[in-house]
Every structure is written in structure tokens, then in C-alpha cells.
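Structure, as C-alpha cells:
Chain naming follows the written order as A, B and C, and within any one chain the residues start at number 1.
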Amino acid sequence: MSATPMLDIDNLVIRYRAGLFAPRLKPAVNGASFRLVRGETLGIVGESGSGKTSLLRAVLRLLPVESGAIRLDGEDWLALKGDALRRARQKIGVVSQNPFLSLSPRLTIAEIVAEPMLAQGERQGPAMREKIAGLLADCGLPADFLDRRARELSGGQAQRVAIARALSLEPGLMILDEPTSALDVSVQAQILNLLADLKESRGLSMLFVTHNLKVVAHISDTLLVMRRGDVVEFGRTEEVIRAPAEAYTRELLSFGRR
Amino acid sequence: MTKLVHRLGWPGTLALGIVVLFVLVAILAPWIAPYPAQGAGAPNVIAKLRPPSADYWLGTDHLGRDILSRIIYGTRVSLTNGVLIVAFSLLIGLPVGLAAGYFGGWVDEALMRGTDVFLAFPALLLAVLMAAALGPGFLNSIIAVAVTWWPWYARLARAEVLVLRGQPYVEAARLAGVSHPRIILRHILPATGRPLTVQAALDVGPALLTAAALSFLGLGVLPPTADWGQMVDAGRKFFPARWWYSAMPGLTIFIVALAFSVLGDALRERKGGAARASH
Amino acid sequence: MPLIDIRDLSVSIPTPDGDVHAVRSVSLEIERGEIHGVIGESGCGKTMTGMAVLGLVPKGARITAERFHFDGEDLREKAQSLRGRHIGLISQDPAAALNPVLSIARQMDDVIRAHRDLPRKARRAEAASLLAATGLPDPERVLKSYPHQLSGGMQQRVVIAQALATGADFLIADEPTTALDVSVGAQVLALLRRLVAERGLTVLMITHDMDVIAEACDRATVLYAGRSVETGPVEAVLNRPGHPYTRALLAALPDAAPHGARLAAIEGSIPPPRSAIAGCAFAPRCPQAMPVCAAEPPPERVRGTHRWLCHLPEDAA
């Protein structure tokens, strides 16, 4: 295991800008600190208003932070701007909740998966098509999907395409935003298995953000529970599950247990 | 054919038929006009102001020219007018709207306030002022109308882009490091195309009507080129005694403008695209 | 006599490409005072079953059934008049069920007025007491609010209060907690349980979530490809499932496997909704399938009030 963590977040504060004379709002994220060890999965759990989405968007540089630091692979991630940021984005692959919304309805699967590669200047051609077919195969899809369109796929298949696209630039870090929340239980199991396989075979680090504690408790090595902007729980998953520090975590874990 | 009727409905299909007919007439003018030379402007003083008859189906004008031939030749000017006005307007309005909607912030502010300046004037008045300033002529009249037209496309494009910009697949492209121009070309532009083509089809009619109005005011095409608006104006002096001189080109303008408008509505219904209610 | 007594219900929707079999064969018995869960994955027909009970199937849909009774009355004739009087609906999205531009007081009053002849003051008091019954603190303030001023959990309580205001004693709850946070959803389920106990309500709970079944229901029916394949007390269905599909569904849950271990995903996909099915619908995906499964409809296996349809002998389950 390498010494530098994949993602190192230190005392991150995110606050939405209010009007000029409005009183300052309570921060959406109130001083979050954690690190994601290389090759591991960190699960971030929280309900609406917990700040998990703000945190995620800040890591993706879609939202400005008020203070604190984000280091990605040892590099000051918040210092990057413009073209440097655009190029550096290939270190992160992103999969979001609804695959039908995150895949362009106008493009074929091949074009969708090619897009990040083309954006980083790779050349179109048989070699790229070969690579795309390989990515699809790694995600459990046959090559005849290449020329289909997203609307012809089932939810599980579409999410596999989204995962293939996220892998196309061989990122070190995968960010998964509720990747199974729109799927049926049996399909969710397939996708979770796929993610576990990919983590193993490609040595990926993963940030798995969800409202579903049970899903993330299964797949993650470390667990972080957020509530109203605060990190209320952070530790090895087994320990958090065995002895939750917060009544809130216990409540989430006990739901549906008979 | 039945498929077409199913997709456009009867009125839409009929309107499409009329539009296609006029396009064909414009292309084939020299071959189908009964008196091609008169259509192109040659006087024929021995038959001044004749009423409709077997020789001159729609009558003749004050220079004895066959009105049907003049209308057929005028189709070329009117349709080109309408299409070019819309094309020029799209050419200016689309990029402005795309940039304003996509980049937002001060770019949006600056571009849209600039657009508002044009929208603050009544459209026809502005067109007349522009045409008067530029002087009469085919190209000048098109530019004059396009100047009042493009802000609508800018606003429409901007509204479409604002919705698209928030789509997860656009964000996914951004996160994959895709550059702004590429995102606009590949994801934004194709999706804005649909509502904008509907709007453009809807607008050829009114555009042609405005151009005809400029001609009527003597700010359009110069004689002897045949132009419907100009013909209505010229016939005004002989109205109502020689009613056919004004009425025939006027009726033509009415039919064409209506056909484009019905066709535009049919397209909008079919495609379900957003389009503004009125100018 | 059960309150809901459905035997072999089917709902087909004709389309230009052939009939869509939204519901193929669903049997459902719901006793008074129980919360009966109907569980299945997308396309299993659970929502269409609920809509059929409400008489809200799409135009042109064909309903056939051997029995389709609510309180002894035939739902094919009476669904329209029973809806809103004896049968209420709690839908997934409370925000969509409430009118955003009317105050809660106005929306509660509209419902109460439609069902009871009371003076204005009494209606207002009734509205407040119904809101209080759903556990909303400060009902007077809620009455003065508009939907957007309330949280999702509060909105869902208002929707439940509205259903109570109709005097309905049978509620269809279609994924009532899916749009809510887990902790808020748990409170709404607890509220439904309390209302069932206090007011003798009966609830049909439509859900895709096994946790909701475990948390709130007395009995459950599992649907697969438009068919009810298993029904029984929740303890039996969850702990000693009879049908291989129920077992597979439970095994696919992330908390069914040890931490980090592979999950038992169900391979394959559901049969297309337009196709005809000869034998057991689950046969192509079933790990225990035998040749007979694809050919003949499975027989019913019975263990007390726990019943399922399967060719495998009862002791194999």
C-alpha cells in the first residue's frame, strides 16, 4: 500500500452563498476530514440535507469550497484551473444515479464510451473501437451493444455502459453517486458484484455515496456517516456496523430487521 | 402518404403541399409562366389593366404585364426573402443564445441585455428604420428584417440550453474532461435543433410577410423585379376599379403565409417542441 | 370473509404490437385490520394490481378475474363508487399529490366537505384533529401552511390525513416511503401501523423494498411477471420462503451476504410483457428448474396459511 492516500480531505467547509445582506447560512459541509486509502472503497452515507451531495460535488470541482484542502493522489486538487483541471479530470471516473439521464439519448454506446477518450486527444479508429469493446466486455456487455442507443437498454445494462465510460480513461479513483438506487434489487446485486470485480482487477479506489447504509456497508472498507453537514461516524466498516457511535446509525442499520 | 397525414394531420399535409407547390413554382418560373418576358419585367403596353380573361387569367397591370406571370416570378423573391431572413436570424441568434445559456454569468447578462435593446422597439418600425437607413434593395431589406428577428432565436436557444446544461449527461461529459466547444457541438446544439427548426418553419411565413410590407412601402426590391408587396402597392392607385391588380398578389401572400403558419403548427404538434406564442 | 378477495386477476392492455399482460394471474386475500405487502421488482404488475382495485386502469384495458371482491362487492362494477369513500390512495410522491397553490387547510376542507355535512368551524376542528392523529405536531400551523413549507415526511402525513378524512377504511399505499429518507420513512410506517391498530384500517402496501415488508407488514404476497407466486405471514415468507424467486430476491440483498462477499444476483431478465408463458414464469432463471417447470403451470404448495406455486415438493423449500 502506497503512503499517499488516493484522496485526502482536510477540514473541508462548504457554504452556499446567500444574498449580499442575508445572514450567513449554516454550512452544507461543516469541516469534514477523511482519507481514502489507495485500492479501498470509502462509503459516504447520509440522508437529504446531510451534505453528502455537496461534498461529492466539491470533490468533482462542480462546487466551490469555503475553506479546507482536497488532495488527490498527493496533488493539490483545488489549485487546478482551466485546461489543467480539464486534463486532470481523467484521474476520476464518475457514475451517477440514473443511467438513462447520464447517457446522451442521441449517441450510440460506442460514441458514449469514446467521448472521454476523444476529449483527451486519443484518435478515433479500429484501435479505439477494440478498446471500447474490451471495456464493455469487462462490464459484462457483449460487443453487439456498440451500435445500440441507451434507450434500448435495461436499467442494469445502461448502468454498465456508464461504468464502462467511467473506466475509459483508466482512472485511479471512481466516484459512484447512488449507482444502484434506481435499480431493482436483483440488478443492484449484479452491479455491486461488478464493482467489486473491477476494484479487484484494476486496483481502483472508490468513493461510494449513497443514502442506503446497507448497500454501502456491504461493499466499503471504510464508512463515513454524515448528518446535517457533520461527519458523525468515520471508521472501518466492520467496526462502525458492530458498534455504531451514534443512535442515528443504529436506527438506519436496524430498519427492516426482524 | 398516409404516414405523412398521420404525422402532420390533414391541415398540415395540405399546408406542406402548398409550400412545396410554391417552391416548385419558384424554381420552374420561366417554364410555367404564360408570359415569361413580362414576368421578368418587360412591358406590354397594348394590354394595359385588362381584367381577368382567357388570355390573362389574373388580368394585367398598368404596363400591360400578365399578373399571373408577375406573381409566379415574385414567388422567387418572396420565398428567398422569407428563407434568408430566417437563416440570417438563426445565424446571429443561435450562437448568441447558446453562449448566453451555456456560459451564464456576465456573458449571459451582457448578451441578453444587448438582445433586449432590439426587442424594446416595435419590430416592424425597427425594420422600416433599418431599411430606410440602408436604402432599398433585395439584400438590404433582408438584413433590415433579420435585425429585428434574431433576438427571438437568441432567447429561444438560451431557454433550451439552460435546461440542457443541467442534464446529467452534459455534466457527465464535462466531468470526462470534454471541452466546452465540443460539449456545445455534440450535446447542446443537436438537442436545441428540434425546437428551433420548428420555430424557423413557423417564421418563414411572417418573415415573408414583413418583407412584403417593406416592399409595399417601397423599401424592398427595386422594379422591374416582380415582388408581391410591391405589386399590391402599385395596384393601390387603381383600386377598387381595377381590383385584380392588388387583390391577386395580396391573396397569394395570404395563402403562402397561412400555409407556413399551419405547417409550423403541425410540426410543433408532432415534435412537441417549445415555441413562442407570438411576436 | 376477507375484505379484499381477488382470485386469478388479469389486466391486459391492447397495443398495436399486441396485448401487454400487465397482470397475468394475481390472487390476493386481505383480512380486515392487516397490513398486506405486495412486493416485486419493476414490471411485476404490483402497481397495476393496485390501480385495478382503485378502478384506475388505463383506458381500453381488459380486466378478467374469477373473483374480484371488496367487502363482498364486485370491484368491476363498484370500483368507481368505492374509491374515495371506502378506498383511499397514498402515493409515492406526496408533493405531487398536494396542490402547491392551496393551503393545507383548504385542501383538507375540500375533502371533508365532500364526505360529511358539517358546519365550517366543525370541519376546521376535524381537519386539525385528523392532522394530529397522523402525529403532526402543531396542526394549526400545518393548516396555515402551503405544501412547499412542509418536509416530505410532513407532506406524506397530510396525504394520510386526507385519506382518513374521506372515511376510507382501506388504504392502498403505493411505495409510500420510497421518496423519503430511511429514518422518515420508518416514522411513516410506524404511523400506518398505529392507525391500523387504533382505527381498524386495512392497508395494501405496494413496495419493491423487503425492508418495508419486514418493518410494517403482517402478511405479504410476492409477484413475479404479473403472477402472485407466494403469499403468507411475513415471518414465513422472509425466513422460510417457499418459492425459489423469493429466495433469490432475499439472497440478492446486500445484507444477506457476509461483508465484501459476492452477492447472489439473479441472472437473466423477466419475460417480455407481451409474451405468453406456458409453465412457471421464473423457470428460465431458476437454479432449481426441472424440465416440467417450463411446460406446465406449477401446483400450489401449502404450509398452513403460507402458500406458493412451485413444482418442487414442499419439503425442498
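Here is the rule we go by: contacts are C-beta pairs under 8 Å (C-beta built on N, C-alpha and C of every residue); 3 or more make two chains touch, one makes a residue touch a chain.
A quick note: this is a predicted structure, and the numbers were derived from the prediction, not measured.
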Chain closest to the assembly centre - both centres taken as Cα means: A
Most remote chain, CA-based centroid, reference being subunit A: B
Intercentroid distance (Cα basis), subunit B paired with subunit A, Å: 50
Rounded Å distance between subunit A and subunit C, as computed from the means of their C-alpha atoms: 33
Length of the line joining the C-alpha centres of subunit B and subunit C, rounded to whole Å: 56
Sites on subunit A touched by subunit B in the complex: 60, 62, 86-87, 89-90, 92, 94, 96, 98, 101-107, 115-116, 118-120, 162, 165, 168-169
Touching residues (chain side subunit A, partner subunit C) in the complex: 47-48, 154-155, 184-190, 192-193, 196, 211-215, 217-219, 237-238, 241, 248, 251-252, 255-258
Parts of subunit B lying in touch with subunit A, wherever the complex brings them together: 167-169, 171-173, 175-179, 182, 186-187, 190-191
Touching residues (chain side subunit C, partner subunit A) in the complex: 41-42, 152, 181-184, 186, 208-215, 234-235, 238, 248-249, 252-255, 257, 259-260, 262-266, 269
